[in-house]
Amino acid sequence: MELTTVKLVTIISEAILEERILHDLRQLGARGYTVGAVRGEGTRGVHASEWEGKSLRIETLVAPDVAESILQHLAATYFPHFAVIAYMTDVQVVRGEKFRGQQ
Amino acid sequence: MAILELMQINLLSPMVLAFALGIIATLVHSDLKLPDELYTTLSIYLLLAIGLKGGIALAETSLAVFWAPALATLILGVIIPLIAYAAARRIGKLSIADSAALAAHYGSVSAVTFAASQTFLDTIGIKFEGFMPALVAILEVPAIVIALLIAQMAGGQQGGDWKAAVRELLTSKSILLLVGGMAIGWLAGPRGGKEVAPLFVDLFKGALTFFLLELGMVAARRFRDLPAAGLFLLGFAIIMPIINGTLGVWLGHLAGLSLGGSTILGVLAASASYIAAPAAVRIALPQANPGFYLTAALGITFPFNLAIGLPLYYTLATWITGGA
Amino acid sequence: MAILELMQINLLSPMVLAFALGIIATLVHSDLKLPDELYTTLSIYLLLAIGLKGGIALAETSLAVFWAPALATLILGVIIPLIAYAAARRIGKLSIADSAALAAHYGSVSAVTFAASQTFLDTIGIKFEGFMPALVAILEVPAIVIALLIAQMAGGQQGGDWKAAVRELLTSKSILLLVGGMAIGWLAGPRGGKEVAPLFVDLFKGALTFFLLELGMVAARRFRDLPAAGLFLLGFAIIMPIINGTLGVWLGHLAGLSLGGSTILGVLAASASYIAAPAAVRIALPQANPGFYLTAALGITFPFNLAIGLPLYYTLATWITGGA
Amino acid sequence: MAILELMQINLLSPMVLAFALGIIATLVHSDLKLPDELYTTLSIYLLLAIGLKGGIALAETSLAVFWAPALATLILGVIIPLIAYAAARRIGKLSIADSAALAAHYGSVSAVTFAASQTFLDTIGIKFEGFMPALVAILEVPAIVIALLIAQMAGGQQGGDWKAAVRELLTSKSILLLVGGMAIGWLAGPRGGKEVAPLFVDLFKGALTFFLLELGMVAARRFRDLPAAGLFLLGFAIIMPIINGTLGVWLGHLAGLSLGGSTILGVLAASASYIAAPAAVRIALPQANPGFYLTAALGITFPFNLAIGLPLYYTLATWITGGA
Amino acid sequence: MELTTVKLVTIISEAILEERILHDLRQLGARGYTVGAVRGEGTRGVHASEWEGKSLRIETLVAPDVAESILQHLAATYFPHFAVIAYMTDVQVVRGEKFRGQQ
Amino acid sequence: MELTTVKLVTIISEAILEERILHDLRQLGARGYTVGAVRGEGTRGVHASEWEGKSLRIETLVAPDVAESILQHLAATYFPHFAVIAYMTDVQVVRGEKFRGQQ
C-alpha cells in the first residue's frame, strides 16, 4: 500500500466564524473539511458566542504548503480579536492525491 | 395595585422563580445542564410563537391604528443608541468600540423580556394591543445599524466587516423567525392559527419558564465577570433601562397605545438585546470586549428588567397614561 | 370547492407556509439552523403519533372493511416500482442502479406527506378512514424490496449488501415506530390513547409545522443540485407522482375507500420516501447516485406534493368517486 | 379488582407498552436511537414537573398531616440500605464496595417509577396525597449517604472521594430540580401553576411514554450483562423490591397515608435509583462494578416494578390498609 | 514513565456505515474505539445520509500493522462508493499493551 | 513564519470526571483546553455514566514536560478505576508561547 504524508490542520474557533473560515480554507487550496462541535477555555476569557452555543473544531487535510499558508492566514486575520487557535501535524493517508490536488 | 404588590406577583411567577432556580443551580455548582440543543429549540420556538401571534393580530389591525406606534418605535430605535453611546463614551470613558457595542445592545430589544412582559400583564389582567410583536421586529434592527454607523464615523471601527454585519443582521435567525412567523400568522389568519395553537399558544408560558431556567444559569455565569466590569457598567446597566423604559412608555402613550401597550413599549425600550446584537457586534466590532456588553445585557439588565423592571414600567405607565 | 380555492387554502396553511419559510431561510443564507436532534425528535414523534392514532382506529375496524384497501395498497407497492424503474431506465436512460434507486423511493411512502394530507382534509372538513396509517406501514416496505430485486435481476447490483439492506429496512426506525405505535394504540385502546392525547394528538399539527420548517431548509439545499440532475429528473419527479397519485385514488375507490380515504391513498402512492428508502438504497445500491434520488424525492416531489399535489389528488378523488 | 386484571390494565398502558417497544427495538438491532439531548430534556422535564405539582400540593398541606409520612420515609431511607447491604455482603458474598453500591441504589428512589405509579393510580381511579413528591425528595439522598458511610466504616472505601460525592449528591440535578420545582410550585401556588399546566401537567403522561421508550432501549442493553451478573443478582433485584415495597406500604399505612399514598410509598421503597445513586457511587466508590449495580437497578428492578410491581404493591396496600 | 508509540487511525464516514466499520475494526484487531459526530464536505458532493444527520469521526488506537491493514481495508471496501476518508498518525501512550494486545 | 512544536494531549474520559480532570490540567500547567462529546468502547466494558450521556474528548496543547506529567498523573489517578485513556502527539503551532507559557 502506498501511503502519503499530508498535513492535518486543526482549528478551534468561535462558531460565528464558520462560514468565513471555511471560505478561506477553500481559497487557500483545501479540498475538504470536517467540522465538529466543541467547547473550551483559553487565555482570552469570555467568547461572544459562548452562551450562543458551541465552538467549532475544524479539520482539513492538505498539502504542507497549503497548511502553512492556512496557519499564516489565520494568525494574521483572526488571532488578534477572535478566540481562535490552530495547529498542524503530519498524518498518513492512502491515495494522497485526493488531498494534495493540483493547487 | 401598589408597586410592591405587583413586584410580589411578578417575583412569585413560575417564570421568574425558574430564572432564580437557574441562578442558584450555577451558584451551587450543580451538574444541571440543559442541552444546548434545547436552548436553541426553545429560542426558535419563542421567536416563531411571538411572530405568529403578532401576525394574526396584525391581520386584524388597520394601518390607521398602527402607524403612530410604529413611528414611535422607530424613533426609539434611533434615539436610544445615541443616548447609550454618549453615556458610555463620555461618562464611562469606554473605547469607541465598546461604547458602540453597548449602544447596539441597549437600542435593540430582548424578545424574552418582551414575552415575560406579556405574561406579566396577562397575570394581572391588563389588556394590550395584539400587534406588539410587530414593534419588536421594528425595534430589533435599526439601533444596531445606527450603533455600527456611529462606530464607523467615530473611527473606532477597524478590522471588522461592516457590510457583512448588516447582511448577517437582516438574515439573522431572530429577524427571520420573528418576521417569518408574522408573515405566517398574517397569511394563515385566525383559522390557521387555531390549528397550531396547542403548540404555539398553550405551551408558551411553560416553554418560557423552561427557557428562563437556562437563562438564569447563563446570567449567573456572567456574574463572575461583574467585578471586572466595574461600577460604571453596573450603573449603566440599571439606569439606562430605566431611562429608556420611561421614554418608551411616554412615546407609547403619545402614539395612542393603551396602558398595556405603553407598558410593553417601555419594556421593549428598556430591554437589551442578547441574540441579534452580540452576533452583529462580534462581526462588525471584533475589538469590542464581550465581557462588557454581554455582562451588562445578560448579567445585569435582563435580571433587573425581569424582577424589578416589569412592575416598574407598568407603574410608570399607570402614572403617565393616567391609569388607563 | 374549486381546485384554485383548495390550493389557496392549502398554500396558506401554517404548515406549507413554514415550509416556504424554511426555503427562504436557506436562500437568503440565514444562520437559522434547527438542531439535528430536534429534527430527529420530531421525526420520531410524528411516526409514533401517526402509528398510535392508526392503532386505536384499527382496534375498532373489522377485517371485512380492511382487507380490500390493504390489498389495493399492496398492489400499489408492486406496480409503482415497476413503472418507475421502466420510466427511469427506458426514457431517462439512467443506469440500472439509479433507476432501481428511484423505483424504491417512489414506490415507498413519505410519512410527512401523509401527515400533511390528514391535516389538509381536516381543514377542509373531509372525513377519512381511521386505519389509513396502517396502509402507510403496508406501503413502506414492499416497493423497496421489489426495487432491490429488480436491480439484482438486472445485474446492476455490485458491492452492495442486499440481505443487510432488507434486514435494515425491516428494523428501521420508521417501520419500528409506525408498526410499534400501531401496536401500542391497538393494545392500549381509546382509554390509553386519551391519556397521551395532549402530546400525541393536540400537538400534532404544531409539531408538523415545526418539522416542515426544517424540511424546507433541507429541500432548498437540494435545489442546488437541480441543474446537475437534468430535465428528465425534473419531469420524472413531477409526472411520476401524478400518475401514481391517480392510480392510488382509483384503486382506493375500487377498494371501497371514502372520498377522503381515496385521496389519502392517492397521496401515499404519489409520495416518495426519504427516510426508509435512502437508508436501504445506500446499503444495497451504494453505486446509485444520491444526488439523483434525494434531489428528486426531497427537492422536487415533496414540495410539489405539499403545495400542489394535496388539492390536486383531492380534486381527482372527487371526480373519480363522483364527489362522495 | 383482582391482581390479574390490574396487571393487565398496567401492562396495556401506553407507558408500559412504549417501554416494551424500546426493548424490542434494541433486541432486533433497530437503528432507532433517541438523541441523548432528548433523553436529558425529558428527565429534566419530568423531575421539574413532579416537583412543581408536589410544591403546589404542599402549599395546601398542614404540617400535622405531613410529619408522620415524612418520618416514615426517613426511616425507610435508613433501614433499606442496611438490609440491602447485609443481603449483598452476607448472602451474595459481594465485595464491600459492590454491596454498598447496591445499598445506595436500592435505598434511594427512581423518580420515573414514582411517576409511573401516579399514572397507574390515576388510571384505576385511586386518589393519593398530593405531597408525595416531597417524599421522593426526602427518600432520595439519605440512603446514599448511609451506604457510603457503611462502605467507609467497613474499610472498603479506597481511592474514592467521599466528601465530593456527598457535595455532588446535594447539588445533583435530580435533587435540584425536584426541590427547586417544589419551591417554585409552593411559591407560585395554584394560580402560577395553572399558567404552566399545559406544559407541566397536560403533557406529563405523553412525555413519560416517550421517556420510557428510551428507557426500554437502555434497559435492554443492560440485559446483555445479565449472564455475567449471576443468579444472586437476579434474585436480589426481584426479592429486594418486594421486601422494600411491603415495608413501604406498611410504614405508609402506619403513618396514616391513604390506600393510594401507601401504595406509592411502597413503590418508592421498592424502586432503585438510577440517576442520583450511580453518579454519587461512581465518585465515592469507583472500585464498585457498574456492571452489577446498573444491571440490577435498570435492567431488572426497573422493568419488574414497572410491569409487575405497580399492581402488586397496590394489591398489598389493599390488604394492609384493609381496602381503603 | 515508559511511553510507547502506537498508531491513531481516524476515519470520517457517513453515519450509515457505523456498525459495519466498527465490526471491521474489531475483526482487524482494534480493541477499542471512540466515535464523535461531525459534518463535512469533500470532493464527492452530497451524502445520502447528509440530511439524516451527521457523519462520524471514528478513532482507534492500534499497533502499526493493524493500522495499515485498517487503512487498506477501508480503501478497498468503502472508498469507491461511500463518503469515507481515513488517515493515521503516531501517538504516544502510557502502557501500550492495552492497545497493541496480542492480535 | 516561525512554527513551534508543542504537545497535543488527548484524553477520552467518562463525563463524570470532567471537572476533576480539567482542574488537574490547570494545576499541571495547561493554559487552555477543548472538550467534545464522544462515545466509545474499550476493554473495560460498561461505564457507569454510559447511559447518562456521552464520554468526553479533552484536548490540551502544552509544553512537552507538562504533557508527560499530565499522562503520568492520569495513569496514576484515573486509569485503575475509571474508563479513561490518554495519548499525546507532536503538533506545530504559530506563536508557541501561548501554549508553553512560564509554568
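Think of it as A, B, C, D, E and F in the order they're written, each chain with its own count starting at 1.
One rule holds for everything that comes next: a residue touches a chain if its C-beta (ideal position, glycine included) is under 8 Å from a C-beta of that chain, and two chains touch if they have at least 3 such contacts.
Here's who's who by UniProt: A, E, F = Transcriptional regulator; B, C, D = Sodium-dependent bicarbonate transport family permease.
Small disclaimer: the values here were computed from a predicted structure and weren't measured.
Colleague: In contact with chain A (Transcriptional regulator) and with chain C at once: which chains are those? Just list them.
Modeller: B, E
Colleague: Going by the average position of its CA atoms, which chain sits the greatest distance from chain D?
Modeller: Computed centres place A farthest from chain D.
Colleague: Specify the chain most distant from chain B by Cα centroid.
Modeller: Computed centres place E farthest from chain B.
Colleague: When the contacting C-beta pairs are counted for A-B and for B-D, which pair yields the higher total?
Modeller: Looking at contacts between chains, B-D has the larger number.
Colleague: Please work out the Cα centroid separation of chain C and chain F (Transcriptional regulator), and write it as a whole number of Å.
Modeller: Going by mean C-alpha positions, chain C sits 47 Å from chain F (Transcriptional regulator).
Colleague: Just give me the whole-number Å value for how far the CA centre of chain C lies from that of chain E (Transcriptional regulator).
Modeller: 36
Colleague: So which stretches of chain F (Transcriptional regulator) touch two or more other chains?
Modeller: 36-37, 89
Colleague: Hey, what residues on chain C touch two or more of the other chains?
Modeller: Residues 35-37, 40, 198, 203, 279 of chain C each touch two or more of the other chains.
Colleague: Which pairs of chains touch each other in this structure?
Modeller: Every pair of chains meeting the touch criterion: A-B, A-E, A-F, B-C, B-D, C-D, C-E, D-F, E-F.
Colleague: With touch defined as at the start, can you tell me which chain F (Transcriptional regulator) residues reach chain D in the complex?
Modeller: Touching chain D from chain F (Transcriptional regulator) are residues 14, 16, 45-54, 80-82.
Colleague: Using the touch definition from the top, list the residues of chain C that touch chain E (Transcriptional regulator) in their complex.
Modeller: Interface residues on the chain C side: 36, 39-40, 159, 218, 221, 225, 274-275, 278-279, 281-283, 286-287, 290-291, 294, 298.
Colleague: In the complex formed with chain F (Transcriptional regulator), which residues of chain A (Transcriptional regulator) make contact?
Modeller: Listed in rising order, the residues are 10, 12, 36-43, 55, 57, 68, 71-72, 74-75, 79, 85-89.
Colleague: Given the complex with chain C, which residues does chain B contribute to the contact?
Modeller: Those in contact with chain C are residues 35-37, 40-41, 44-45, 48, 52, 168, 171-173, 176-177, 180, 183-184, 187-189, 191-193, 195-200, 203, 279.
Colleague: If we count contacts the way the header does, which residues on chain B are in touch with chain D in the complex?
Modeller: Interface residues on chain B, with respect to chain D: 12-14, 17-18, 21, 24-25, 28-38, 119, 122-123, 198, 202-203, 205-207, 209-210, 213.
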